[in-house]
């Protein structure tokens, strides 16, 4: 456990020293959402109706953007080999990497989300549920994305390929994330959606380390 | 005969559906067979012996 | 040294494939003619949709094949990851394009069938949407297969992706169905048309057999191509490294 | 005691070597020679457990090394072609991280003494991006001293090192072997390792087998 924290702390250290990277993820998230009023017009009614969907899709895309480099940097400079050879099992290393990624890119999204909800004229009763839904949903996004990031290591076309592999698997999280927020705004049932999001989180928590470590192991061969 | 071709007024949908399906299946089969032939020829050129599975 | 040979020269399978291939072609040709005849002549027109329902005889078997091929890929990937059998990789890699073609076909014929009924080319119907997502999973698999120079790396990475994808298919299906009931008033005409009358069921089954025979035929061709290509690559490597 | 029996390595579709045997006693050293592409790096990666052999066994103190990779990894250090030095972290932080991940002693004293072995103590608080290739390699080698492990697997350790640094590496290897450690390294430079068994990997490539197979 000590080494797990050690690895997460180092990754956070790296991320904060290169502050710009995690900042870029949030800036992309904000810009992506801000574009929509220009596209569909500023009329509050339309914006409010699509607010939850736009915010969730933007969150998906920005999480995905920062994932390509999750293992790539360590793969290129040889650290990944040494991490595989440390007494920390590779599955736990993947978890540590995902935790660091979530803290540097998932959390900032959640902090920025309410501000964007205001921009999108979203009804205020949806704010709390939006935050809770993102809190439950973004870890699954990082976990599934980590599998994709491990699989494309050393391949010719990194970024675009990752989005093609990972986005179809994001659809369930998107569907239930958006409907939780819409449910809260519309005043009808949303707890079930949050529970399902939690279920996805636990499911991906079990699947991702195994699949990610498998991907890394054969990338290191 | 042309009554059959009309497909009860839905000819514009039934025939393209079957035509497209036939087209796609034929193209995939043809491409696969052509690839097989090319690879077998390169193999023979390289190894100089008759490819057994031809 | 025996297992070494298995990698370099699987003649046993090449001979077997050579035998299966013509038989599969024969079964395909026979069943496709019978199936088409029944689809157009013996099966009655649907009382609601009229003749347009005949598209069902190509749409439904294609959708079945789309799912069948993805399952074959997932099983082959599991075999290749667990028992490291080289033929499993080759079969998964050869199946992907065929499965993707069937998935595309079921989408295209579904849209052609939906136009007269719903008046638009595309409706976010639960089944069509799931098949659309399945198409993306196929494209992702094939893109990953093609993204590596080293064939063994490509096979291993794609095997993991196929398994991860396969685990997610029911979850995606569940989510899309749930999402569909949330937004879509129950569509009046269910995609499957009225209850399947036996005279309609037989053409469906025979067309399904025809598509499976077609799959086996093209699979044999593609697998033989992959195996001979492996032998060519080994010869190339021998040239480079001085035989 | 570290032993390999009938090891076969296949990279992609290429047969790299087969039927390779080696054995190194405690305090011994094994020098791998052979032309580029003969499989020196592949063998070292196989010894580290990164690359699974197509067939054959790897024994560490008569136990099957590859059965429990994590446990085997604990008693070895691997130095590959890349130096795993993060440009943003200082030299001290880099070495401390690697010592910490291996559960070694992360006290400043220990890290500085490890850096001193490779004359890199003065670089302690310099961020990685300012280091030359040679300095990066010395920092990478210092990491081995910081968290000791009996088996050293060094893939061309002398690249980017000047004469003085090679001498430092020499003495570090001698001290490691006197302590009962084992060293396996591949090299081009004429690094003189006393009483080392030399293994030419190209003896184990297989010419006839390939022709037969095609």
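By written order: A, B, C and D. Residues from 1 in each chain.
Simple rule for what comes next: contacts are C-beta pairs under 8 Å (C-beta built on N, C-alpha and C of every residue); 3 or more make two chains touch, one makes a residue touch a chain.
Because the structure is a prediction, the values reported are computed rather than measured.
Engineer: State the pair with the higher C-beta contact count; candidates are B-C and C-D.
Structural biologist: Result of the comparison of B-C and C-D: B-C.
Engineer: Using CA atom averages as chain centres, what separation in Å is found between subunit A and subunit B?
Structural biologist: Result: the chain centres lie 43 Å from each other.
Engineer: Averaged over CA atoms, how far is the centre of subunit B from the centre of subunit C? Could you give it in whole Å?
Structural biologist: Distance between chain centres, rounded to whole Å: 16 Å.
Engineer: So the centre of each chain is just the mean of its C-alpha atoms; given that, what is the distance between subunit B and subunit D in Å?
Structural biologist: Once rounded, the distance between the two centres reads 54 Å.
Engineer: At what distance in angstrom does the C-alpha mean of subunit D lie from that of subunit C?
Structural biologist: 47
Engineer: Give the residues of subunit D that touch two or more other chains, as numbers and ranges in rising order.
Structural biologist: 214
Engineer: Going by the touch rule set out above, which residues of subunit A reach two or more other chains?
Structural biologist: In subunit A, 221 touch at least two other chains.
Engineer: Taking each residue of subunit B in turn, which ones touch at least two of the other chains?
Structural biologist: Residues 47.
Engineer: So which chains end up touching which?
Structural biologist: Pairs flagged as touching, ordered by label: A-C, A-D, B-C, C-D.
Engineer: Along subunit A, where are the residues that touch subunit C in the complex?
Structural biologist: Where subunit A meets subunit C, its residues are 147, 151-152, 154-157, 161, 164-165, 167-169, 171-172, 175-176, 179, 200, 203, 207, 211, 214-215, 218-219, 221.
Engineer: Mind pulling up the subunit C residues that touch subunit A in the complex?
Structural biologist: Per the stated touch rule, the residues are 81, 133, 136-137, 139-140, 143-144, 147-149, 153, 156-157, 160-161, 163-165, 167-168, 171-172, 174-176, 178-179, 182.
Engineer: What part of subunit C is in contact with subunit D in the complex they form?
Structural biologist: 1, 3-5, 7-9, 150-153, 230-231, 233-235, 237-238, 241, 243
Engineer: What does subunit C use to touch subunit B in their complex?
Structural biologist: 11, 14-15, 17-18, 36, 40, 45, 50-52, 54-55, 58-59, 62, 97-98, 101, 104-105, 108-109, 112-113, 115-116, 214, 217-218, 221-222, 224-225, 228-229, 231-232, 235-236
Engineer: Show me the residue ranges of subunit A that touch subunit D in the complex, using the header's touch definition.
Structural biologist: 2-3, 6-7, 10, 13-14, 17-18, 76-79, 81-89, 220-221
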